[in-house]
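In the two complexes below, chain A is the common chain; its partner is chain B in one and chain C in the other.
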Partner chain A sequence: MQTKNSGTAKKVLRKEDASLLSGRGRYADDLPAPVGTLHAHAVRSPHAHAEIVRVDAQKALAHDGVWAVITGDDVRKLSDPFLTAVKVAAPQWALAVERVRYVGEPVALVVAESRYVAEDAAELIDIEYAPLAAALDPQAACDSAAPLVHPEAKTNEVSVRAFRYGDTEAAFAKADRVIAMTTEFPRLSFTPIECYVVVAQHNPAEGSYDVLANFQGPFSIHPVMARSLRVAGPKLRLRIPPDSGGSFGIKLSVFPYVVLIALAARMTGRPVKWVEDRIEHLVAASSGPNRVTRAEAAVTKDGRILGLRLDQLEDYGAFLRAPMPGPLYRMQGSVTGAYDIANVDVKNRVVLTNKMPSSLIRGFGGPQLYLALERLVQHIAVELHLDPLDVIKRNLIPGQKFPYRTAAGALYDSGDYWRAIEIALGEGRLDELKRRREQARANGRIYGIGFAAIVEPAMSNMGYLSTVMSAQARDRAGPKNGAVSMARVNIDPLGAVTVTADVTVQGQSHETVLAQIVAKELGLAPDDIEVILELDTAKDQWSIAAGTYSSRFASGTAVAAHMAAAQMRDKLKSIGAKQLNVLPEDVELAGGKIRSRSNPDNALPFGRIAATSHWSPVMLPETMAPALSETGVWTPPELAPPTHDDRINTSFTYGFVFDMCGVEIDPATYQVRVDRYVSMHDAGRILNATIADGQIRGAFAQGVAAALYEEFSYNEEGAFLSGTFADYLVPTVSEIPEVEILHYESPSPLTPLGAKGLAEGNCMSTPACIANAIADALGVENVTLPATPRRIHAMLESGRK
Partner chain B sequence: MRRVNRSERVRVALTLNGRRLAAEAEPRMLLSDFLRQSLGATGTHVGCEHGICGACTVLIDGVAQRACLTLAVQAEGRDVRTVESLAAADGALNPLQAAFRNNHALQCGFCTPGILMSFTDLLARNPHPSEGEIREVLSGHLCRCTGYANIVAAIKEAANGTAGAAPNPSP
Partner chain C sequence: MKPRPFDYARPDTVDEALALLAEYGDDARILAGGQSLIPMLNLRLIDAKVLIDISRLAALDAISDHGDMIEVGAAVTQNKLMAWPGLDDKLPLVAAALPYVGHFQTRNRGTVCGSIAHADPSSELPLALAVLGGEVVLRSKQRGERILAAQAFQKDMLTTAREPDELVAAVRFPVLAGQGVAFREVARRHGDFAIIAIAAVFRNQELHLGAGGLSGRPQVLRVPAEDYPHLLANDVVRFVEGLEGYDDLHASAAMRRDLFRNLASGVVGEAMRCAA
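Let's turn to the complex of A and B:
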């Protein structure tokens, strides 16, 4: 069933909001710290690359209130390097050991009675460095003469894999034209307004750690932390606070600090707290990876793409932290995007440089891929003198082909891409854009139109990253695949319902949506359901897939909650049947009652029946376990491991986004202004329209930021140039244009809720769409992002030549 | 003007959300740290500590100020209001807070307290701001979740509410 959704929906009041609006949120730094807690401050490298000759902490240690100064030597004695997804001789500990590899790398940790004192003492530490040449540009770093970030690895290009899907050689042989283009996606972060927080305690009697951190998952990193601390998993209790001030992928990378602060607690014998400040966050927390992509298409003269070749060189900075190189492989199955392309060669190359390590970030590989693919499609249209929409249409996966298996192995569950595009173009939207362009150009103004058509994957196959290994290596390592989601519905002695789930809160309104899903199954109102989403690895149920990332909620945890609620509903029906003297099939849960369907007057309040398992378990129907707590465990079988020929269903559900925009460029200031922006989303069934549009608007703002404003810049020596919010330009309300959001619903046939992910799409589509519009406006081939006035000026000059 | 030695801890007394409170502070202690750590008012958040993100905005004698750019000692004897002062004692949201909830104007909620305090100030001075005036004040705050559109809608609703549905011309 496919329906068009106007995107207007009745307003929903979020469960989260009353607390957050009243200053009653419970973010990590708001929670009480244990009595006697010490405070830590990290001393960081001023060099991009240097040997650490000497660390003299004597003066700092003599300073009043200082408990310890921890260095790389201590960390090496007490912990092991972090496990990585790719075996590379590039060990990383929680502090720099012997050598620093990027500006901002933590070199020492001062632990003192207050943060103010720790920062005072940090100035007394004398560190002698012997600077080395730095490798910064990803392409230059691949050169055999380049300085080595990790000499033991003997190369900076630490992982190269080539994939062949279909017969690309034949496709290129019979093409009318080969059209190629190189794109570069910049380094950036989405800088949550709350920075990292860690509070760690160590109990030497048990050899255990208890850590509070605003970590976001995936919890596959819990074993990485435990192994580094040399303890078994249960000896590292990790607690995630009930609220977190945004994450966008970034708060995965608090994990090295979890280990560092845990070690500090062990060394001082006291609880230790560290709150990252903004300067630290910008220079060293985490960056999205920059990528250079060479894309070549074998095309017919009418724009049909017969084959595709991609060379993707991704720059992960100084270390390849788990689960990297995720962004390079997360899109592997959907590397052909929304297009029906049977033949594709992909070469994935990982390079290390002397920049801050890259890791999770909203969009996760999608922005990089689609900048290359969608710029290429626009370029094909220009080269062949075709309308870009005709090229898109000619190559789009036809509606009747769903479910559709891509060349690289993804199973696209549902969609009708051209239909969705037609709706977006309709009602005069495209005509209006063209009219505005025509009018602007007639008046001598610079105006362009861009499009982007992308597939938005959701809920990662935990085995996708094993595609980085050869099939033989995968066989040796053992199978990795699937993704488990879990949620639990509990009933208290008065029949009140609570829900817990394997997600970490960061603002995605999970409380509201889980309450809505569970309430529906139990015949209650959402306000009747309490949702408790702080997470405690010692007591909550979780798997390696737990956390909030890769848009896994709608296709994963939401389904698990639906299952748990349905299990509870069925048990309550049986219990109710006995008390109402009817058959279970005749029982329904509605309006806060459990009642006979055929005789609704025969009813008892929900709480009365729901509490039976507490007060009167002997009266339960025979063979029934008490209905106190039901856990939904969802593990979709479609998430198979990579095949021997490297085909991989990288994600579980696949949504679709089509964007169209008009931009005008000021000829005096070179400022790009987004004049009109339309974004069409097919995310399957929408669970909550208000929240869906909120997520889309947030991703859109970040997409605009990546296209026009935000970039982590380094100079030629590797000094970091984006170290404050005055240098790193996060858009304010003045910079974010209006966006018209449209929906088209192709429910996923693979989940009982039919819902797909939708919160990453515009991070993927918007940079490409705006870049295409700029290319159209300026008539240039290469558009460098972010398209700052300085760069627009350079592009204009190159276009004039 | 009172003079204090940099190494001397001083007693800072102020009115916080209508209550007289006092605690010791070093002269260099930021007001944001003083509110959160010494007075337990954790509703005020710290996002950048260099005056750009606006998350720490509080009212000092009724005027919106960055608590991260203010020293605790500067608040001596002043009337400080934070997000904790906005709702009624029974938890009922005030019209500005309610408008934020009605319009899904927050996601993670971390930047929200500062925005609420800036607009508490603006709406007190100018109950019927134009959209341009709203955007100008909001441009002093960074929000990474919402893309701002719903925040603008919320403030317009709050402004219209206080005005009894007064006309609200766009610039």
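Let's turn to the complex of A and C:
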């Protein structure tokens, strides 16, 4: 069943490129705004924590061209706080109410005839603050003496749940050694080129809102927005533009601004547009959560891990927005990663601090988990004087155990991890890498090798987050589980095929892959298929799982498209059989024709038969509904709700990534240079090799960014220090090293396409792999990420002095 | 991120530009390439009643070879100087420094004189000008022309001796044909502001070693060639310890000094090799 580089995916060029590369992309800010549109600008908090004593907008309102200044009082009158996944007394509205809790929090919204005027007027608003002490460090924030971010919650540590899988106590009792390590994953984001855009209209006659926003899903947040606006779902029509300048998870968090700008449209009676600028984006859009993990392993002398204890303290900033604390629970089932560990205790703790709220970013919990787990594995090897690869091998899930149920309940669908690693070590030339290390060290240079072996989950179980509640609370709330994917194949009067689907475009080339999948079933070429992926909640089919996130496309929407195309194919076979005078079993769709398999000369053009349902539905086989449109709905049964003992299959498919790298540290410049990087991926069947490698390269670049460059920094008072791209360093093509990509294909047995998601793997593996190499190079236990020259300087100089 | 309102003037002659400067003084800003000015206006960090756009004044858009020095006018972009055929021969240090100035896109607009006038403490062109012992040509309507040595022009971080009514009309780089030069900088990413920059030239039996990013303006150490390399190591240590450096997100003051200590001799060695 397992094949390597099977070549299923021959090179198919991206359908998107002609538009995007010739400047014909249609992004949110490019789309025409309604006549009379006003422009909004948010006034933001300069304080990490303060009471809002007074907001005086008189002068601003008197400024020419200003239509309204909206404050927290207005928002509280006209809307409700956002629904959250965890019940915490920490309400959030679209603007700060009574108190600001992070630098950059929107306090007021100026609506004016142009953005320039709005920004001029914003300077005239007089806001008096009474500054309060801020809680910033996640561990210090848990202290009972810490300033409270939300006094009504009575604590900053707003959710704590402990889980026991297996008999960890016994495992620790019989271990030869207990090896522990604390890691801290930093705060960062992935800064898409295009920031947030919202254009909102309000129709008082219908009490409805019509909003264009570059929202990315999951659409479980649509009800959050509608409820906040106090309207039923259909009264909030949300349109997602056909192109996007990137998201990486970030564009979920446009949702509070959807509500804010919708309220502005209601209050002014005019359409209102807001385009987030880069300064706003960096200071307040969204961040990945930072996490402090204490990991302890009960090990035998030869490095076998008998039991694992994880204490994960995750810092979500000032508010716990839905669907948080997702990153803490998305990996719950796969908390033991690629390892066969039967006994594990997990404690998940959520803390709020006076920093920008955290939400989705690519990797979503994986980077945080694997930094802890893979640093621990490397540390075990060092402590036991073993080769890290031996420790990995000794603990890896054996190939014959698949499908494999983890201690915490994940069902790993397929894989042969050690086989993939062996190929990576060979084709990736570990021996050469070791020689480079040897030579470098012989010359007095600082060189290290790192490894990381991780499991990459894809397509989230919409019920995983309910693991944050106790089993009793879950019973009361009713079960949550599953994940629906939908795609539709339509046929027009001349037999042309179009496809729509429940994804939001962000640059993942879904258009191309959907065309490939549908074309294959219908015997057409990918260029024959039009794919239309702008989404309109009023007219398109969607579920709460819709959107583009959690690498759900390959194992979700792609399957739904395959199903829709197969349904259409079968109908066309029946229609064709009648017209060709053969049995349906004898009909095939190939080369743009519908023909008899046994007598290929008995054929009609695809369009002729496909158009039958438009022009002569009476000619259709009896009982057949016209083949105008077929919808594929895919909902895999494996995504069960959490069990009573909290076991949860958090995702649908599970890929595997093994990375190895060599890094050299320059003792003169304190810079870490990635000398060689090899990344082996098993994402099941590859749907399109070019696009797969593009996804891997993108995630790799962001993994390098997390390891070496990008960090949101705050000072002790909570001032934000990374407010421009001169301070928040996104690596460019000049900084990203070459990555050697290898593939090994273990098709998923759970989907007809055999494909798994692969968009996030290197975000998860690369920070850990580079950190391990740095630890090896410097012979140190603690490596703080990002490993900036400033940090390397401090480490080297403290060693010298 | 929109600027406050301002007027925009595009004079047709240098005299008109100087007249506007005389009229508005501190309330005016010269717009040449705008690579620092426009972001600062957009961030509302600075204000201008009027922007005086000199970028299309032909009189200022000239690179003139005066034999012992090259004069670069205020409208000359960094890329224009980079493409000047005499650069490698006559101004090898500038040729070595220019590729570090931003990115080619920003160099298409950014001007040489703009970099000098902006006076960022770790900026490459002010360092090169200081190490070469170059000059800045200032002009005003009232007082005509005055010429300042680079070290007299740049006083501190983003602070120069330019009077409010003065235009930085040109800078003059001494020609350094056949002498050894080297340039190196440490930055987080290609094209970033340098954390530190080091420039070395051998000139008339003297080593001139320049440091950017270690104080509010470029600093230059001069060592007689006969003392080199014997005295250099000690001189460098003394020199660098005399500079306070500064802290930012990317480097501590101590790290800046350590970087210079670590890298200076390599840069000097490279300059020597290319002199030989």
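Assume the second predicted complex is superposed on the first by the 788 of 801 C-alpha atoms of A that agree within 3 Å, B and C clash if a C-alpha of one lies under 4 Å from a C-alpha of the other, contacts with A are read in each partner's own complex, and residues count from 1 in each chain.
Here is the rule we use: a residue touches a chain if its C-beta (ideal position, glycine included) is under 8 Å from a C-beta of that chain, and two chains touch if they have at least 3 such contacts.
All values reported here derive from a predicted model rather than from experimental measurement.
Once the two complexes are laid over each other on the shared chain, residue contacts for A:R14 go to chain B alone; chain C is not touched. With both structures placed on the common chain, the touch criterion links A:R278 to chain B and to chain C. Applying the stated contact rule after C-alpha superposition, one finds that A:S713 touches chain C and leaves chain B untouched. In the superposed pair of complexes, A:E296 makes contact with neither chain B nor chain C. Of the two partner chains, chain C is the only one that A:A668 touches; chain B does not reach it.
Judged by the touch definition given at the top, the superposed model places A:S244 against chain B, while chain C stays out of reach. Comparing chain B with chain C, the partner in contact with more residues of chain A is B.
By the document's definition of touching, of the two partners only chain B reaches A:G698; chain C does not.
Judged by the touch definition given at the top, the superposed model places A:D682 against neither chain B nor chain C.
When the two structures are aligned on the shared chain, A:R24 is found in touch with chain B, with no touch to chain C.
The contact surfaces that chain B and chain C form on chain A in the two complexes overlap at residues 116, 277-279, 726, 732, 734. By the touch criterion stated above, chain A contacts chain C in their complex at residues 115-116, 119-120, 123, 277-280, 667-671, 709, 713, 721-722, 726-727, 729, 731-732, 734-735, 788-790, 793-794, 797.
Against chain A, in their complex, chain C makes its touches with residues 1-5, 43-44, 186, 188-193, 195, 249-252, 254-255, 258-259, 262-263, 266.
Of all the residues in chain A, the ones that touch chain B in their complex are 11-14, 16-18, 20-25, 27, 29-30, 116, 190-195, 243-248, 277-279, 506-509, 690-691, 693-695, 697-698, 700-702, 724-726, 730, 732-734, 736, 738-739. Against chain A, in their complex, chain B makes its touches with residues 26, 28-29, 36, 41-50, 52-53, 55, 82-84, 86-87, 91, 93, 97, 100-104, 106-113, 116, 135, 138-152.
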